[in-house]
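Below you'll find the structures, each written out as structure tokens.
You will see chain A twice below: alongside chain B first, and alongside chain C after that.
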Partner chain A sequence: MAAYLIRRLLLTIPTIMGIVLITFLLFNVIGGDPARPFAGKNPTPESLHAILAKMGLDKPRFINTTEPLNTQFFDLVRFKFPHSMRYDASFWELLAERGPVSLTIALPAFFISLGLQLGLSLISAARLGRWPDYAITAVCILLLALPPVSLYYCMQWVGGAWLGWFPVAGWEDFPYSLKYVCLPVICAVLASLGAGTRFYRTVVLDEVGQDYLRTARAKGVSETDVYLVHLLRNALVPVVTTTVTQLPLLVLGELILESVFQIPGLGGLLVGAILNNDYGVVMPVTYLSSISYCLSLLATDILYTLVDPRIALK
Partner chain B sequence: MLWTKRLFLVYLGVFGLLSMAALATLPFAPARDPNALYASYAINLRSLDPAVSYDVISGVILGHTYEGLYDYAYGVRPAKVIPTLATAFPTLSDDGLTYTIPIRHGVHFQAAPGEDQLFPGPNGLGPEVTADDFVYSYKRLADSRLASPSFSAFLQGKVVGLDAFFDASAASQKAGKPTDYSLPVQGLVALDRYTLQIHLTQPNPQFIFSLASPSLSAVCRRAVEFYGDSFRARPVGTGPYCFKSYRADYRVVLTASPSYRGRPDADPGTVPADQRLPYQPTVIYDYFAETLPLWHAFQQGLYDSMELPKEGFLSAVDTTTRSLRPDYASRGMRLTTITDPAIDYYGFNLRDPVLGKNKPLRQAMCLAWDREAFIRKYLAGRGMTPRGFIPPGFPISDLQPENPFNHYDIVRAKSLMKEAELINGGPIPPLKLLFDGSDSAYRQYAEAFQSAMAQIGVKINIDPSTYARLLELVDARNFQICMTGWQADYPDEQTFLQMFYSKLADPGGVNMFGYNNPEFDALYERAIKLSPGPDRNDLYCKMVAMADEDCPMVEDYIRVRYYVSRSWLANYDFPDYGNAHRAFQKVDVAARKQALQSGHH
Partner chain C sequence: MSTSSAPTLSATDAVPRGLMKRVLARLPARVALVVIGLYVLAGLIPWIGAIPRFPQQYSPLQLAGERAVQSEDSYSPPSVASFGRWFGTEIAGRPVIWRLMCGANVALTLAVCASLLTLMIGLIFGLLAGYFGGWVDALIMWLVTTISSIPWVLLLLAMVYALRNVPILPPEVVGGERRPLGPLAIIIIALGLTDWVGLCRLVRGQTLQLRSRDYISAAVAMGAGTPRIIFRHILPGVWHLVIITSSLGVIAYVQAEVVMTFLGLGVTDQPSWGRMIDDAKLELLRGVWWQFAAATAAVGILCLALNILGDALRDALDVRR
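Now for the complex of A and B:
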């Protein structure tokens, strides 16, 4: 196990270095001058240079003969990101302010969605070929076919503007945030429900015909326990794969959802940053999400051993 | 019981508890301030430091707190400059290079809500505004550490010695030292406590408009030094409102400043209590990046005014009469129509070997563009065909000659194409259209232009780009056609005419077309020295006619904005220029309460 972990960690290092390099090259080669959008109408070379200096980009990209570590590339390696000119703030300040807001939406949406997806897939599998299975499948296909943005606007109109059950959009701090969280969370759950339920239904159906379930039933185990105790545990490996890799990205929030519902989280921030060429936000988000994805893959491997003792890390 | 089952049951319990908690909060809402004016903004505020913020929306919101020497009179069109922290218009020297400006007496920087240590006096009031504050504030714009976009826009190359100050601050920054504000700037002199003198490098009659920009407001040196980096979120000015709270992309709350003098152009203590501004004690601006939810919220009576979005336009406005439909008007809504002082266009790079030498080609492309169809199909009618490139609202808007190539005439366009192909020595090669691809609407516009040009045999390859790259390519003059626009910086036609002045055609200059017409240049140089009046108008009209004939751009459309407000909001306007306009707007609190309670809104 320890040897495996060390080997995986060592393998992760070149992957992350690759990410750093690709992110850096992408932003430097095709991104355009990061200072120009913030320089106003009549920029001069001096004013552009002043903006680059403020962003921390007035240093050599790769090679600095006098101070070898004082380059844009090494800044990225050390998580020292360019200053956001759109907000006149560092990325870390923005993350600290907006990350918790995003999590207020993303965490409940994620866990409610996961529970519903698993629950519905179990019901669907248990009632295979009967009306509950057909009903769940029909709803899932409908939700899959509906573009999330349309769903958000429909729900906003129905739940907020027409029925008036929820605020149309906006945000208030705790405890009122619970009120403002409801509709976005419902939307996020609905948007992910179709695909997740269909996927887990397939996973569960793979297990339904297995011998160990027949043995459990033969031993008199109740049908509920057959599904919740025996089947669910064996179906958890693909669940772990899909959930653990998503968890670190939750802090980034739901991109479009936050914009539609005016949630001051990281998702809306990122959408605005992309549309406004805010290098100081887009670059760190790209970089950090790639790294978190790599690390979550590593965590997934470790969790496999906990979920299924038959899997040994060698 | 195995752990999966336990986990499932715990999950159900937590889910149930959270759902109940959320449902329990639904009937409760934070109390709305009954006396507040509720407004919205759609663009993030980059900073609350006037030296750093640059866009129009930031200027409008910041303009409620900060004041400069001059501002624009509220609700007056054409726009009219009035003295605010100055007591009169500048006295100009005979050579037009020296501005002497008297400063208003007795105006103090406002107390900062919730901050006792900034101005530790009996009433928490800041120091009196003096000429030195303006010298300091203008030097701040030239501090390279702040990288102020307003420096290059308003002051660079214009004030004697200020560029040298910028260079010195850049050198200090490089050496890791603070900027030395004690360095004198020859062109910025406080003659005495209440007299500021500015020396320009060359005559510039439009400089008064720079002085009316919110970026050139007076900032308090003590506040800058006290707050340090957080000054960008802690404005301290002299205007009608103080910033009570601010959270980026969320909400701005302004409260009436107790020390405000009551009117922008009045001395302290001279305005009777019942005429004092601001009318509303609080203004709450909520951030809405998307317009549709704001439109829903507006219809629920939660906001007092907003710009009518595309989604609500067709349902709320009768497009033939351009007025509100009766069912909206009967709910107490009112419509205000504003024409943007801006023009959208497809600019040609006249340095390009195909486009530059071929005037008939450019003229044909102008004639092949059906603006009216475009405005109807793509803008839902929220635009107008330009008469010329000077939009409405300027003295020569109606005097300028009608651009002979601004109407759709495909027959004439095709005939001009024959001439164009002769000049080119064969068929016109494909041309590349550069545009900002970050917005799907722009892609649709580009495709519409592509189809229109195909009618006259001009193949357009569309080249979507990031906004940053687009600006870079335009600055470097590395494009053939670019879809872009120009917004007036001040209410003088010169803001548009400078786009064709050949001395501003170098990379980075505002003449992106590379238009070079010595006759135009000669008129421009004569006109910019003239004061407003018929003589200058004549010159301006001649220049417009010259540029129209040469077709450096396909003039596209002028955006018309529709604003809706509630009948309980008096004195509503959305001026093109000027600050602090919410201070002039008054909410009939009782009428609003009654309308909201009765549900008729």
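Now for the complex of A and C:
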């Protein structure tokens, strides 16, 4: 176990280095001058340099002969991100301020969606080849085919403008935010429902024919318990994977959703940053989400042993 | 993969015979294929030049003049009065049906070019990694794991962000003018450079499996060179993965175009489905729903058809086993 963990940890290092390298290449080397979008129409070299200095990018990219560690590349390695010019704040400040807003939408949406996906896939598998299965599959395929942007606009129009049940868009502080949370959460659930349910359906169907279910039924376990207790526990491995890999990303919010509903979370912020070429937001988000994904994959491998003792780590 | 217990002596056994026949045995798959064919036809129309030209980008002056002339009646709801009005006209008075066809054209270009790019990179890297193993495999798989740990939308975004600054040719060759790549070309390259990892992984796995088959050993024993083994003996055995990945890839490409356009990084110089959906921002408030609905339906029906076809292909090929 310890040997496996150490090896797995060592194997993660090259991947993380690869992420650092790719982000760095895309943004700092190929991408244009990050100061240019904020320097006005006719920038002088001095004004460009002043902006670069404010962003913290007025240093060599890779090699600094006097101070070897004071380079753009090492800043990235040390999670020291350039100053965001559009929002005039460091990325960490923005994260602390906007992250919680994103979470109030993303967390409930994630868990409601996960519960629905599991529930629907179990129903679908239990009624395989009969109408509930067909109905669920049909709805899922439809939801999968619909572009999320369209789904959000439709829901905004139906729930907000036509029925008038929810505010169309906007945000207020905590006690009032509940009103604004509903519609985005419903949208987020619907958008993720199709793919998730189809995926879990195949997972559950893989288990349906197994011997242990027959044994359970022979013991006289009720059909509900067969599915909810015996089968569900064995289908937990992929659930753990998605949960652990998705949870850290939730704080980044959903780009389009937050933009459509004008929620001041990180996703909406990112959209604004993209439209304004704000390097100080786009780069850290890309970088951090990749690293956290990588680390959570590592975490899932460890969690597997807890969920499923049959998986021996070698 | 192969159902017979006898050792397979040719690569073509890896792909079941009569694939198309098996796929087309089902009604939904047949309908899906017809629908996709119609989309392809619609996408070809703008190239033939059958579409009347409409100015795509108005200057502020033109727009002001147009508003003055047409006041509020520039858009009109769907009607059967004339072909141009079947799906109504959008906010600037351009027929939605023509814009749909232009969108189909963009989607077709996107699907063909991005799939080809994905296919080339994914196939070459997958075959190399699977066939040679060793450090080649380690290097390619390192690239694959790295790229697949970056969330797709963000990677795509970073790629588009970076590519916008890459001129087609260095300024001194063109003559001082920095001509960046066109928006559609940028999306195609970005999609191709990011989406190959899935195919690469599949192809590598299949190549690893095929390499240990008897017919490969036989080919080696008969003195076949490495290129011949790869192209004649292994490539046909991984072809089915390409078909399925492409059919599902097109869904991702069409949807990615919508997302990218929404984020302001998409197609900006010609009408596309993404732009039509994006226009809803302005239109839905005034009750102009038909352009939005038409574009959504166009994307939705195409993705539905591709999904059904992809499922049928997967069932016919039974990749999971």
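Note that the second predicted complex is superposed on the first by the 314 of 314 C-alpha atoms of A that agree within 3 Å, B and C clash if a C-alpha of one lies under 4 Å from a C-alpha of the other, contacts with A are read in each partner's own complex, and residues count from 1 in each chain.
Heads up, the rule we're going with is that a contact is a pair of C-beta atoms (placed from the backbone, for glycine too) under 8 Å apart; a residue touches a chain by one contact, two chains touch by 3 or more.
Source: prediction; values computed, not measured.
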Chain C versus chain B on the shared chain A, clash or fit after superposition: clash
Chain B versus chain C as contact partner of A:275, first or second or both or neither: both
Touched partner set for A:182, first chain B, second chain C, both or neither: first
First (chain B), second (chain C), both or neither touched by A:54: first
Touched partner set for A:193, first chain B, second chain C, both or neither: neither
Contacts of A:153 with chain B and chain C, given as first, second, both or neither: both
Partner chain in contact with A:286 - chain B first, chain C second, else both or neither: second
Candidates 260-268, 332-340 or 440-448 of chain B: the single one with C-alpha clashes against chain C: 440-448
Chain A positions touched by chain B in one structure and by chain C in the second: 30-32, 153, 157, 161, 259, 271, 274-275, 277
Residues on chain A engaged by chain B in the complex (per definition of touch): 30-34, 36-47, 49-51, 53-54, 85-89, 97, 108, 111-112, 115, 153, 156-157, 160-161, 164-172, 175-176, 178-179, 181-182, 225, 228-229, 232-233, 236, 259-262, 264, 268-269, 271-272, 274-277, 279
Touch list for chain B against partner chain A, complex: 1-2, 4-5, 8, 11-12, 15, 18, 21-23, 25-26, 28-30, 44, 46-47, 49, 52, 54, 144-147, 149-153, 156, 166-167, 170, 173, 232, 247-250, 286-290, 292-294, 296-297, 299-300, 438-439, 465-472, 475, 489, 508-510
Footprint of chain A on chain C - complex, ascending: 142-143, 145-147, 149-151, 153-155, 157-159, 161-166, 251, 255, 258-259, 262-265, 277-278, 280, 284, 289, 292, 295-296, 299-304, 307-308
Interfacial residue positions of chain A with respect to chain C in the complex: 14-15, 18-19, 22-23, 26-27, 30-32, 141-142, 144-150, 153-154, 157, 161, 249, 255-256, 259, 271, 274-275, 277, 282-283, 285-286, 289-290, 293-294, 297
